[in-house]
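These are the structures in question, set out in turn.
Okay, so chain A shows up in both of these, paired with chain B first and chain C after.
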Partner chain A sequence: MLKELRKKAEADFKANGFPSTKEELWRFTDVSRVANAEFSNEWKEASVDFQPLDKIVVVFENGKLSREKSNFGDLPKGVCIGSIMDLVDPRIGSLADAQSAFVSANTAYFTDGAFIEVTDGVEVDTPIHLVYLADADGAAFHMRNFISAGVGSKVTVVEEYIGETEKNYWTNAVTEVFVADRGSVDHYKVQRESAASFHFQTLEAHVGADAVFSNHAVTFGSALGRNDIRGKLTGEGGEAICNGIYLLKDKQHFDTHMFMDHAVPKCNSHEMYKGILDDKARAVFCGRILVQKDAQETDAIQFNGNLLLSRGAKVNTLPQLEIYADDVKCTHGATIGELDDVELYYLQTRGIDPVKGHAMLTFAFANEVLDEVKCKVVKIKIEDLVHAWLEKVSA
Partner chain B sequence: MKIEDEKSFDELGDKEYKYGFVTDIESDSLPPGLNEDIVRAISKRKDEPEWLTDWRVKAYHHWTTLEEPTWAKVEFPPIDYQALSYYSAPKQKIDAPKSLDEIDPELLETYKKLGIPLHEQEVFAGVVAVDAVFDSVSVATTFKGKLEEMGIIFGSFSDAVKEHPELVKKYLGSVVPYKDNYYATLNSAVFSDGSFCYVPPGVRCPMELSTYFRINAANTGQFERTLLIADEGAYVSYLEGCTAPQRDENQLHAAVVELVAHKDAQIKYSTVQNWYPGDKDGKGGIYNFVTKRGHCRGDNSKISWTQVETGSAITWKYPSCILKGDNSVGEFYSVAVTNNMQQADTGTKMIHIGKNTSSTIISKGISAGKAQNSYRGMVKVVETAENARNFSQCDSMLIGDQCGAHTFPYIDVSNPTAQVEHEATTTKIGEDQIFYCNQRGLDTEEAVTMIVNGFCKEVFRELPMEFAVEAQKLLGISLEGSVG
Partner chain C sequence: MALLEIKDLHASVADKPILKGINLTIKPGEVHALMGPNGSGKSTLSNVLAGNEAYVKTRGQVLFNGVDIDDLAAHERACAGMFLAFQYPVEIAGISNMYFLKAAVNAVRKYQGRDQLDAMDFLDLIEEKKKVVTIRDDLLERAVNSGFSGGEKKRNEIFQMAMLEPKLGILDETDSGLDIDALRVVADGVNALRNEERGFLVITHYQRLLDYIVPDHVHVLVDGQIVKSGGKELALELEDEGYTSWDSE
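Our next item is the complex of A and B:
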């Protein structure tokens, strides 16, 4: 099965190639730099530091699982964690096979990735920390992750991508998530790739009845990158939360494409994305909410806010609603602007100098998203990273 | 929404298009088809100067290299452009009519049915000047004299080409160039007639200018060309209203409207569009593919678009503002109602170029029956647009569970001092609201009309008085039979 799928994906990829800016979905993101680059697959050890969040940590080193650096902790019964190359599930590839050239390439060429399965009724208290270390110049990493949460189960997964500065490589990840009825998956992605790298990821999630899927994507790294986040609510009473922040500087270009498919009635989806852009950075945000014909009593909210810190920064935002049912509550909003002078002045009158005031207000802008982070250790980590980023920018 | 009393709604659904009739007047048409000879023939018939003929021919040749756009969220069978006739003029007496009495009585009858107060106008002195367009040629122009005294040039496009060629040459295509898009290019090649207005510096046009459009002769696409120029410090308010006779074959309407506002000038452009929308099964109806654009050329200029779109099988229309002058203002107020099988893809573009420019977008989409209603808009703030400000609000209302409402805004910002806000909501008419109205003695239909009118109030209050009344009535007619 998977073999055939991979063959087909390779054929698709070879036949269609990378998307061009003439395609509506790729209008604002030119991937010719990726298309024209040459990548090798020579493996080497990675010498990149990382901090494990908790007891369970699975480390991938330049695209390969490292058993030495990983720690599977004391896994509760009914939880299976390992390499996707060792474990078989017919659902691998059933959500993501050929949505884009990047997914096709991943399906065809993935070499490793995490496999997480939590059986029915099992709750995992410790967050499962997946770490992807990269420092191999000129390499391509096609990482494939699979997360399945059984009926009434609960799990927290943190994907962290860390790259060494100035290394030039391409991460092309795909994560498939299944949340069965009444299940809960709390998913985080922290992207701290090298400033010279390319990072693309497609996340596909199917959310069952009364299940909850939440996703927080925090982006700092990569020269050129994109997150495709695609959720489908397949059971009544399902809920999807997709939040994120992107903090970009220099000439970084980062694109977030979100698609939320309300296929059945009585589901909720909430999306909040915030962007902070400095120097000549450019952000693209496209959020599309689709409410299918019978998906009555849908409640969908989407918001995208952007803060421009400098001249030359640029934002394209496209919040979209596509609605075919009448008994729904759908709203979306988008804002773009700079910090309010009045607020800065207020802080100054309270003895806070403009530089500090600036940092405070910028953090407050991002904090609205951070507030939504449920997992405490992850929250602290993201807060620290945001503070560090802001310090660098104001210095 | 679910309402029990379905029987009465069926009855309501049978309401026929109020303005459906065909006037029997001999038309002087060119054979169907489109080629360079036809383009030249149109130009020759209209006695146009060489530069204009060349311009049309250039547009025609460019058009042959283009493909129809497919990005809009509308579906329709392919149009055979060679099967259309591109020129049709009502036969006239050898000399052009000098007063209303000389005009074909049947034509006057048509306008009477439409409710255009042509005769009455002489009595209602100075309320509205009508440059009425019957198919493709201007038939009567009233109040021209009064306007002339103030230096305002208002009349048909063809007359303007003859009497003020320098102005037409200067401004034609300066906002919507002939290469702009598929339909605008087609219009540039074959445009038949339209309105022209020039308001000289410092003049405030004392009356609302208006034109009523009407598609008549069978198989004739209508290609209006409107050009409005407000010179320094001038003000003009222009109304445009459309109704069309009922017909089974789809009719193409590809108009171009260009507005130019110089320093301190203001243009207010209001439209009530009620072309034949097709029957309940989507048969027939007008294809309304319009390019409308305003250019705030000078500092402190302002262009305001207000539209009420209730008709047409397909509406493809994005009245836009290019805010080039510093402190210039662009506004877009829109109500788009789609019922039965109607499709609308409409919105606006606000391009901020000058400093301190601001724009407001208020769009209300109402979708009923099996209709699809999309808002598609763009707000662009380029590097030079210091302190640009935009506020957009797009609200959709769905009536029934077979229709769709969609929002596709594009926001591009390249200047940090800009402040751009966009919000959109989707709602339906609550059963409790209807119930409340029923309780107070309003039947369900009246209740729906009232609630929808309330939903659209922000837009209606931007319309000139007489239009606002008409628009509210139209909304009622358009939504008849949709509840259930």
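Our next item is the complex of A and C:
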């Protein structure tokens, strides 16, 4: 079945090609640079450094699982982690079937990726760290990940994409997540690809009754990139949290497209995205919340805030609500601004000089998003990366 | 030497003259109250002193510890020992009160050539100052002033003052919007910080605060000028008569 799906995806991709800016969903993001590039698939080892977060780390180097660099730790019973090429589940491909050319290309050409399955009632205490190392010039990496959390189970997964500076390549990832009733998936994505790379990912999650899906996407890298984050609340009492930060400089272009589908009653979703942009960077945020006819008592909130550190930086933000139920609580908002002079003055009257005050406020702006990061090692990692980024920008 | 010496101070906001020749001297250990109706220039004075760049000094001189404040940026004035308790304390999302206090204390200490406090020493200092101004632990963990009630914000200002141990504390209408219990907490904090070296400038519209923080001197500010100075009894006179006798009409 997967074989047929892949055949069809390849046919779709070949027939339709990449989207153009004439399409509504791609209005602000021109992918012709990806479309016009040639990619080879010659494999090589990667010499990129990484720091394992904890005992379980699964490493993909230049698109292929490296068993030497990976460490599967002492997996508790009922947890299966491996390569998606070795393991089978009929649900692979069922979520992200053909939302975009990028998904079609991934379905057609994926060569590896992580398969994580946690059976009913099992809780995994250690975060599962997936590391994608890239330093092969001119390569395309179609990574396909599958995460399934059984009834009442609990798991934390961290996807980290690390690229060697100035290497030219294309990461095209798709992650499908299934959270069964009362399950919990705490998912993170840290993207620090090469500044010359293209990075695209579609994440699609189905969230069951009384289940929780939490996602934090932190973006530092890639010349041109996009996250498509799609959540569907399929059981009553489900909750989805999709937060993120994008920190962009030079001529980076990064697009976040969020779609939250409330299909049933009594679900919560909240999304907070913050962006900090320097130089001539460009960000796009498009968040759409759909509340279907039956989804009464929905509680949805979405916010996108942007801080511009330079006059050349630019943001297009479009929060959207589409509501067909009548008993709902939905809010959304967006801001684009500079640092607040009154806050800076307040810090100064307490002895904090303007340079330090500037750094504190910039960090604080992003930090609000990290409040909901439950996994401590991940929080520390992200904070360190944000600090390092801010130091580089202010230098 | 005087702690603060204001000589013929003129200042404008958005090119509009507000302060029109203020003279005021505060010596160590003294508490001065500055009273005046709305629009008399009370907050302008505190902002000029603290170094808010939206307020422009157009004439005169202000010496703080003998140093012309024109030579000091806002943060340097703070580091040199000036503290302004805001009328409207600023909310800063994303920075915890603890982190903010530590950054402030260490910035001041660094400027004064003293050692930086590490986490343990800092916590000891917090505990010590909690005896001066009681503050709930959860307010210290929360983002600076975010979601604080009016009273909690003012209390936080006085707590910051206790932490920074300034030479001069300027209280800009700290009493506004406070109920009597909150007012008492704030006043107790200020009174605990009074000593023979530290000076205060207590700016207020109402006499009420001065029942709790008893001043050595009272000045009446009307239309950008001090029109009368006297002892603490002057505040009581104002309580009875208001500011009507200085109205231009």
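Convention: the second predicted complex is superposed on the first by the 395 of 395 C-alpha atoms of A that agree within 3 Å, B and C clash if a C-alpha of one lies under 4 Å from a C-alpha of the other, contacts with A are read in each partner's own complex, and residues count from 1 in each chain.
Here is the rule we use: a residue touches a chain if its C-beta (ideal position, glycine included) is under 8 Å from a C-beta of that chain, and two chains touch if they have at least 3 such contacts.
Just so we're clear, the structure is a prediction, and the values are computed from it rather than from any experiment.
Asker: Which of the two, chain B or chain C, is in touch with more residues of chain A?
Answerer: The larger set of chain A residues in touch belongs to B.
Asker: Go through the superposed model and pick first if A:24 touches only chain B, second if only chain C, both, or neither.
Answerer: First partner only, chain B.
Asker: On the A-aligned overlay, A:209 touches which partner chain: chain B = first, chain C = second, or both, or neither?
Answerer: Touch partners of A:209: none, neither chain B nor chain C.
Asker: First (chain B), second (chain C), both or neither: which does A:316 touch?
Answerer: The answer is first: A:316 touches chain B but not chain C.
Asker: By the touch definition at the top of the document, which applies to A:343: first (chain B), second (chain C), both, or neither?
Answerer: second
Asker: When the two structures are overlaid on chain A, which partner does A:325 contact: first (chain B), second (chain C), both, or neither?
Answerer: Touch status of A:325: first partner only.
Asker: When the two structures are overlaid on chain A, which partner does A:364 contact: first (chain B), second (chain C), both, or neither?
Answerer: After superposing on A, A:364 lies in contact with chain C but is clear of chain B.
Asker: Tell me which partner A:306 touches in the superposition: chain B (first), chain C (second), both or neither.
Answerer: In the superposition, A:306 contacts chain B only.
Asker: Who does A:190 touch here: chain B (first), chain C (second), both, or neither?
Answerer: Touch status of A:190: no partner.
Asker: Mind working out whether A:335 is in touch with chain B, chain C, both or neither, as first, second, both or neither?
Answerer: After superposing on A, A:335 lies in contact with chain B but is clear of chain C.
Asker: Report, in rising order, the residues of chain A that make contact with chain B in one complex and with chain C in the other.
Answerer: Residues common to the chain A contacts of chain C and of chain B do not exist here, since the sets are disjoint.
Asker: With touch defined as at the start, can you tell me which chain A residues reach chain C in the complex?
Answerer: 342-343, 345-354, 356-357, 360-361, 363-368
Asker: Which residues of chain C touch chain A in their complex?
Answerer: Residue positions touching the partner: 50-53, 73-75, 77-79, 83-84, 86, 89-90, 92-95, 100, 103-104, 107-108, 111, 143, 160, 164.
Asker: Over in the complex, which chain B residues touch chain A? Could you list them?
Answerer: 1, 71, 381, 383, 396, 398-401, 403-428
Asker: Any idea which chain A residues touch chain B in the complex?
Answerer: 24, 293, 296, 306, 308-338
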